[in-house]
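Here is the structure we will look at, set down as structure tokens.
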Amino acid sequence: MADLRVCIGDLHFKNPVTAASGCFGYGKEYEDFIDLGKLGAVFVKGTTGSNRKGNPYPRMVETSSGMLNSVGFQNKGIDYFISDIYPGIKQYNTHIIVNVSGSTIEEYVMVAEKLNDLEKIPAIELNISCPNVKEGGMVFGTHCPSAIKVTTAVRKAYHKTLIVKLSPNVTSIYEFARAVEGAGADAVSLINTLLGMAIDAEKQKPVLATVTGGLSGPAIKPVALRMVWEVYNAVKIPVIGIGGIMNATDAIEFMLAGATAVQIGTANFINPRVTVEVIKGIEDYLVEKDITDVKDIIGALKIPG
Amino acid sequence: MKKYIHDFQIIANRRINTEYFVLSLANEKKLPEIKPGQFVQVRVDNAPNTFLRRPISVYDVNYEKNILYLLIQVVGEGTRTLSELKNGEKLNLIYPLGNSFSLPDSEKALLIGGGVGVAPLMFLGRWLTEQKKEPVFLLGFRNSELQVDIDRFRKLGEVYISTDDGGAGEKGLVTQHPVLHNDTLDISMVYACGPDVMMKAVALWAEKKNISCEASLENTMACGFGACLCCAQETVQGILLVCTDGPVFNTKELIWQI
Amino acid sequence: MADLRVCIGDLHFKNPVTAASGCFGYGKEYEDFIDLGKLGAVFVKGTTGSNRKGNPYPRMVETSSGMLNSVGFQNKGIDYFISDIYPGIKQYNTHIIVNVSGSTIEEYVMVAEKLNDLEKIPAIELNISCPNVKEGGMVFGTHCPSAIKVTTAVRKAYHKTLIVKLSPNVTSIYEFARAVEGAGADAVSLINTLLGMAIDAEKQKPVLATVTGGLSGPAIKPVALRMVWEVYNAVKIPVIGIGGIMNATDAIEFMLAGATAVQIGTANFINPRVTVEVIKGIEDYLVEKDITDVKDIIGALKIPG
Amino acid sequence: MKKYIHDFQIIANRRINTEYFVLSLANEKKLPEIKPGQFVQVRVDNAPNTFLRRPISVYDVNYEKNILYLLIQVVGEGTRTLSELKNGEKLNLIYPLGNSFSLPDSEKALLIGGGVGVAPLMFLGRWLTEQKKEPVFLLGFRNSELQVDIDRFRKLGEVYISTDDGGAGEKGLVTQHPVLHNDTLDISMVYACGPDVMMKAVALWAEKKNISCEASLENTMACGFGACLCCAQETVQGILLVCTDGPVFNTKELIWQI
């Protein structure tokens, strides 16, 4: 039996495997398939200051080894979350981490502040990287001074573990990682989706109502791995790896590249049991390799020469 | 309703015509209750470009023999790969998904299907007869060659046919079929499944006649069980999800995009 | 019969289908499979000032719907190209366009200058976007002032059609497109490969000897399409679309998004006849849609709303 | 040599043991000349994660019957999918690719293969007998169960076996086999195909004995015909390509990476 526990700042995860925001609803959508208590954490969907209806449809299109989505932040806002959703999920035997989204710094701060008081929410993930909203969202994630500003403001307002989720749609992601580390983030998570587009050649129209959308799935894994490795080498805070993880081997690759934990997104749609299967697979890998502590593989990649 | 992920075994793959085939799927475990209008999410193995699951309606269920039937139209790589499955091969399903059709007030109900949209109507028709109702089918196809299992529909109730080219039944769209303009048709409920334009036309017809109308919608789906929020449908109540709030909607609720 | 001719600046292509640099050797590797004279143009491999041996191996790894390569600029240098390769390829009945690469502005300029005199080379593609060389290469493609500098210098030295190949590893690719347009480029081509990485979990090592490499193939098509569309909307010069094209439908999507011509790279490895099949497929599409001139689909994407 | 892209038909898929199988491929067109040591690039359809072609050596050729044979080891998804091919199914090949083995000066030649590395040696052995030479085979396997077609090799020449566990032939690595330390073995040429460590050991042995040595190398290949420059091999002449300058190299030329 290997020790699977990892820490993100002060926060202890029973294992490094978590579910990615926007791909796991509020957890309850998966209760028929798995025991949520087995997961390291669940990142619930993007929550904004007030009710958002999301983008028009079609919102999804399949691409080679991936998918584009343009859901936008369809959610009923933070107050509804606190009053109607939180009571139903707070008994889960895993960490519930809220993905905080917004269009303005004030909105981010307001949502974060309100989450301070929820006993069973030990952390937030600041989403400055969503490609699917017109204002805010990705702007904060692709302009370094804005990323610093919003992180600083939320850091002041929020007292528990602060994870900042980075956008891959930038020239140097490690600069953003360093910037938000400096602004007080306890950890960074990456990558969010790559901005992409699909076209219907027959109709000569974009497939998505919003024209562009976010690319996820195994197609993006090579880019995500490279970025995790770059960021791991640039910051001291823990890195949470995301992007195209379909099985335990993929998750292990992210940990070798420097991820302390991983998030699994799109794969849940195809195999709703993937998270628990990945936990089992990591354990098997460690046992086979005679490694007693999963922390020993974090950043353990051997670079030749 | 509890959802399951199970491997089923193909026990028959029956080709109906150039476009349609029916898969018969068996499972050792006793099938859970499945309601008419519900669908399954099929994992397509061995199709290089099919990444996500494919949503397919339940065509019929035989609880005694523990068999699930799917009627599928070949439209792209995923469905083509499914059409080549052989007896004994496995198919992984997530099921049962979505809501279901509701019971009509009156004795008779009209079930209108267009093309592969006839799929959920077989199971709905069977259920209605079990509920002592009388389903009347109005089924539309592009041409007579593409008709699907008419004999089996006939066992459940009266069947009217229309084809675009008049090769079978009435010529024209289902919504032009004389039965819709026959005032002796004594129904309080119409069910529709097919292309959006067809369902919208049926909904308008039903509204004029003051008949309740339920339509089974399609949408692009990544998960099928409410986790991704991709299958948005604009309704009078705001955005709803086709995979969990639907696929069956009362057409009064819908804000059509076409 | 539809008219397939397109123009890149003053240069006439018999059709919009070309082979991408680094994926087509010097053309002769494909002579057994297709008639090169059918292609709009052939972009031959990256040519530098002097002999380069390229990167150590392994140089390639397959990924989901794609591949990573780290070939680097293995070539014998411009003088060898002129003396030993050019005589063998100049009789091809298609345009031969040389992909010019380097580490310093002087190197780029030197190579471009020497190509002025080769009668049958009507254009060069300035490669400021290769992720596989330590110095130069991508630096010019990810730093706007450097992109302007190198383009301006080469523009002065080179008298025929100048195409600049852009890197996708940037925050705003349209800014680079505008910048090189201002610096005198006659056209832009995009995208080069996305920087990625692959890890061997068993050996706990990077798969590529260079650790990172360039991602190509259908996995990147959604990103490439989005970038082509962004650039098309930002510049007046023609855009050449590249990234994951496997068939005629893919090529048509790029043209609808704004590409005047397309380059096909990775697909040639799997189907060495893909280029001529794509030409045929575009023709069929136009005939079926009753379009008499392929130029009518360039940028013809209908954006709703 | 001119290269072709052709669809072949599977006329037999012969399972040898848990890891190896042999595909027999037929084509209506007359096979072009293929040389021992050459390989084909196989397109694997229906394997979701197999994007590029897979390089496979020519195991044997029957020009009279117009059949090409491939010996394949199941190592991943691509080769597993190939192992499931049925008679009548199609396989698309680019061929013939690469250079070939050269003729030895002396009567006898030693052909050393490890695991699936025995693949090119069957065709090489047949060619040598046709050239009135005497091939002597030294074939190494992990265990006796994994031996490949020994009877067929015996028809072409003497065969020595070694297995890691001693279950057949000598116990140990091929390079420890007594025949290599037998001074009566009168050869001027040794051919090797197998894991790099094995080939390197054979090369060192040959160098000591002053025998010419050719090795057939592997490398990661995107194209297989010289277009991508991915299959680089460091040699005394600089970087060469395994797919066009090789896969066969005189080991004196090689700079081993191990």
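Order of writing sets the labels: A, B, C and D. Residues in every chain begin at 1.
To be clear about the criterion, contacts are C-beta pairs under 8 Å (C-beta built on N, C-alpha and C of every residue); 3 or more make two chains touch, one makes a residue touch a chain.
Please read these numbers as outputs of a predicted model, since none were measured by experiment.
Enquirer: What's the fewest number of moves from chain A to chain C, given that each move must go to a chain touching the current one?
Expert: 1
Enquirer: Which chain's mean C-alpha position is the greatest distance from chain D's?
Expert: B
Enquirer: Indicate the whole-number Å distance between the mean C-alpha point of chain A and the mean C-alpha point of chain D.
Expert: 47
Enquirer: Need the CA-centroid distance for the pair chain A / chain B, whole Å please.
Expert: 36
Enquirer: Would you kindly tell me how far, in whole Å, the mean C-alpha position of chain D lies from that of chain B?
Expert: The answer is 54 Å.
Enquirer: Quick check on chain A: which residues sit in contact with 2+ other chains?
Expert: Touching at least two other chains: 63-66, 217.
Enquirer: Identify all positions of chain D at which a residue touches two or more other chains, and write them in rising order.
Expert: Residue numbers touching two or more other chains: 50.
Enquirer: Please name which positions on chain B make contact with chain A in the complex.
Expert: So the residues of chain B in touch with chain A come to 2-5, 43, 49-53, 94, 219-234, 238-239, 257.
Enquirer: Please give the residue numbers of chain B that touch chain D in the complex, ascending.
Expert: So the residues of chain B in touch with chain D come to 45-48, 50, 81.
Enquirer: Please name which positions on chain A make contact with chain C in the complex.
Expert: 63-66, 68, 142, 169-171, 194-199, 201, 203-206, 209, 211-212, 215, 217-223, 225-226, 229, 244, 249, 252-253, 256-257, 285, 297, 300-304
Enquirer: Which of the residues in chain C come into contact with chain D in the complex?
Expert: 22-25, 29-30, 32-33, 45, 53-67, 69, 71, 74, 217, 266, 268-273
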